[in-house]
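Labels run A, B and C following the written order; every chain starts at residue 1.
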Amino acid sequence: MKLKRKDLLSIEELSVEEISFIIETARSFKRVNERDIKKVPTLRGKTVINLFYEPSTRTRTSFEIAAKRMSADAINISVSQSSVKKGETLKDTALNLEAMRPDCIVLRHASSGAPAMLAELLDCSVINAGDGMHEHPSQALLDMMTVLERFDSLEGLNITIVGDVSHSRVARSNIYGFNKLGANVTLCGPPTMIPHGIEEMGATVEYDLDRAIRGADVIMMLRIQLERDRVPLFPTAREYADRYGLNLKRLKGAKEGLLILHPGPINRGVEISPEVADGPYSLLIDQVTNGLAVRMALFYILIGGPSESEHEAEEPDSNGKERGTA
Amino acid sequence: MKLKRKDLLSIEELSVEEISFIIETARSFKRVNERDIKKVPTLRGKTVINLFYEPSTRTRTSFEIAAKRMSADAINISVSQSSVKKGETLKDTALNLEAMRPDCIVLRHASSGAPAMLAELLDCSVINAGDGMHEHPSQALLDMMTVLERFDSLEGLNITIVGDVSHSRVARSNIYGFNKLGANVTLCGPPTMIPHGIEEMGATVEYDLDRAIRGADVIMMLRIQLERDRVPLFPTAREYADRYGLNLKRLKGAKEGLLILHPGPINRGVEISPEVADGPYSLLIDQVTNGLAVRMALFYILIGGPSESEHEAEEPDSNGKERGTA
Amino acid sequence: MKLKRKDLLSIEELSVEEISFIIETARSFKRVNERDIKKVPTLRGKTVINLFYEPSTRTRTSFEIAAKRMSADAINISVSQSSVKKGETLKDTALNLEAMRPDCIVLRHASSGAPAMLAELLDCSVINAGDGMHEHPSQALLDMMTVLERFDSLEGLNITIVGDVSHSRVARSNIYGFNKLGANVTLCGPPTMIPHGIEEMGATVEYDLDRAIRGADVIMMLRIQLERDRVPLFPTAREYADRYGLNLKRLKGAKEGLLILHPGPINRGVEISPEVADGPYSLLIDQVTNGLAVRMALFYILIGGPSESEHEAEEPDSNGKERGTA
């Protein structure tokens, strides 16, 4: 099976088969990262551009290491908010970048839909590395991969996502993904952070954290964006921690074998207590490890060669034939 | 033929033969960028430092991709204005960088003549990536290459450059280059933007855009630097667009087959209307594609090995012998 | 001999044998940098992360070039002070980076002891690239290497370090190193810049520069941090230059064959006059050249393969066996 798309824009658009295929491919790349020589020649002669309109050390680093371990040339471009104002349009930037024949542009942008616009405009592959309040599909893929390392299937699992769901592209991508794989998704947070009508995406809403924890197989804590200077959605960090922070006391009501996820970076003592973040059920580090493998898999699937055994002997024309359009 | 110089500092210093040789070499590298595997081993073991004292995503990216596709190690150093003030002198920075034995330093600097100073000081090659209001030679080379893809020769072509000629190193480099190749250059812009006595460089001045368009084979629109907070040279962007912006209506008076260039990034609706920028005669994207090829050619010519067929088996000593000084 | 440690955290912890081994290894890498093809495959498939919490173009560039010339993948992460405040803890950042399986993290941090904390926390190698007012061991190693290119041994040499010793991690690392190799260290500077009790580290204090110069075989001038906005430790730069700046007039009282070192970047005309910085006894450029070689040696020793002749055929398991813990 191959993906019949040139871009990865959202989890919403992916089929269950595609999700499974990406995760399966990521598993084999995870093994590459466990070797002493962590390098494969798969993407030699390919160019990946990380185009980040929002600062993100961790996601950019993950994509950059993924590209380099596959022998691609990785180019980082970070565009600050201030230069966006006086600069050229995203469309012009993208057209200019494409003129230098990159194979893939990894885009993070504050506007929902920016990667989709680029994907339509450009012949090269586009990966959405987070767009506004829309989606962050590689994050959801790594989350699903991480849960699937502990459970054979997501079918029937109870997964609770806690925090500022309204502003979370991570939450949105995961709601789509968990639902597609058959899990029951519960959303929890203060009413100001749970969008009206979110149930239509296929989720149950529960405002009380203790009740949301009870019966959950997986809890995903979202990062509270303390640094954004917008109207606060809750009075203080302390009050948030009291009502919606995950701590050991709260976990007493939880199921045996509960798994805890967090997309990071964490605010210790706010949405998650240090004891929980560093505790036995916490999979935060696994998530990062799997994130790298997922990104390698995405590069491989979207811009890698036609057959796994012939990385070095790729025929220029066969690549095009195998790629349809999204 | 080989260039008998170790640096590329200006178009002014180049002979017609050198310009033609660079463009011819760039044509062969353009084909490399059209392959599926866009990588040649030519510069393996060479180090290129992109030393940028002015922010420039697009030029830096072009040089960086050029270096990486030729297998050189590319190091980016961007120095902000603020750190220049408290930091070491350019001379000290350069001497320190040279102590790490780079093969080429690509320098962008706000001071005219900075690359020439470095070139004299250092044994390694220096490429001027734009210095103050002096020159931006790789830009002019890509512009000439782009025009030469549509016309067999520049001999007798009428080329009009429109905008803030006074502050444009792109204009200066192109005036030199177009003149050397035999074109007739007309400069157009508000009187505040056309330096007194510029005719002596070999150009006609025409303040009326409609007249400047008539008879032109090529029009190059310059970027209006809206972001610089200096005394404005025209009342408003709107007024500038009215009098010196290129739009479809104005093009009605133009010659059949007119070519339109712009060094980018463009201000849509200011110096160029979206219809023109995206229109059939616009070569903006070709310019970027050719810019990458020109930069690969420059690296090849200045720091590449002695013979094209023996990239991998370069003899350390023969390289030095082939290089004279500028 | 092999280093029995996975990290390089300080000169204090190194034995004389280890220091000599690192410098000897650096000498062989220095020759690599003199070749036309400056690249060895030693670290292919290894990942080096330069994690810089303080801006440093020159040290970061040196580590980056060192990694790339050894064919490692080099990832730069620079974290600004502002983002530290709102961001995750250093510990969380480090754990997350380690989850992507780097082989070495090069850390510069404003807090003394930060690299040691990381080294204990992480399985990968950690190199201290400067921590607070503690140490900057690779700088001291390159300084020792540079002196040893001119003298057969440091035994009995008189070495004077001049400047803000209180705030200088360079000074601290060098005091340890020079002492271990048998030199006599004199510290000189205004009383506000010489910490009380520093003699216990094994150094003589001399507040008068002329006296401190007399009899010295080596003088190391420290950079005066003009840019730090803290309570000034001397009235003006001019006054500092008058009393503690090294100039030609002062050097008249110096020994024949005196060597002058400075970690850079220099403040011309403040702690060192241009004539001295560019003069015949100045080894500033040699220091930079040797710094690159030292960093290549450190990478080789800490994360390189088991045997020099078998870089490409490294066996994954043997590497682990050869590494003890610090």
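Simple rule for what comes next: a residue touches a chain if its C-beta (ideal position, glycine included) is under 8 Å from a C-beta of that chain, and two chains touch if they have at least 3 such contacts.
Since the model is a prediction, treat every value here as computed from it, not as a measurement.
K.L.:
In graph terms, with chains as vertices and touches as edges, which category applies: line, ring, star, complete, or other?
P.N.:
Chain contacts: complete, every pair touches.
K.L.:
Interface check for copies subunit A and subunit C. Shared numbers divided by all numbers used: above half gives same, below half gives different; which is it?
P.N.:
different
K.L.:
How far is the middle of subunit A from the middle of subunit C, if each middle is the mean of its Cα atoms, in Å?
P.N.:
Here the centre of subunit C sits 39 Å away from the centre of subunit A.
K.L.:
Specify, in ascending order, the residues of subunit B that touch 2 or more different other chains.
P.N.:
If we look for residues of subunit B contacting two or more partner chains, we find none.
K.L.:
Show me the residue ranges of subunit C that touch subunit A in the complex, using the header's touch definition.
P.N.:
Against subunit A, subunit C makes touches at 44-47, 49, 73, 75, 77, 79, 83, 86-89, 92-93, 95-102, 314-317, 319.
K.L.:
Note which residues of subunit B are touching subunit A in the complex, please.
P.N.:
Touch list, subunit B to subunit A: 33-39, 55, 57-58, 61-62, 64-65, 68-69, 226-227, 264-268, 284-289, 292.
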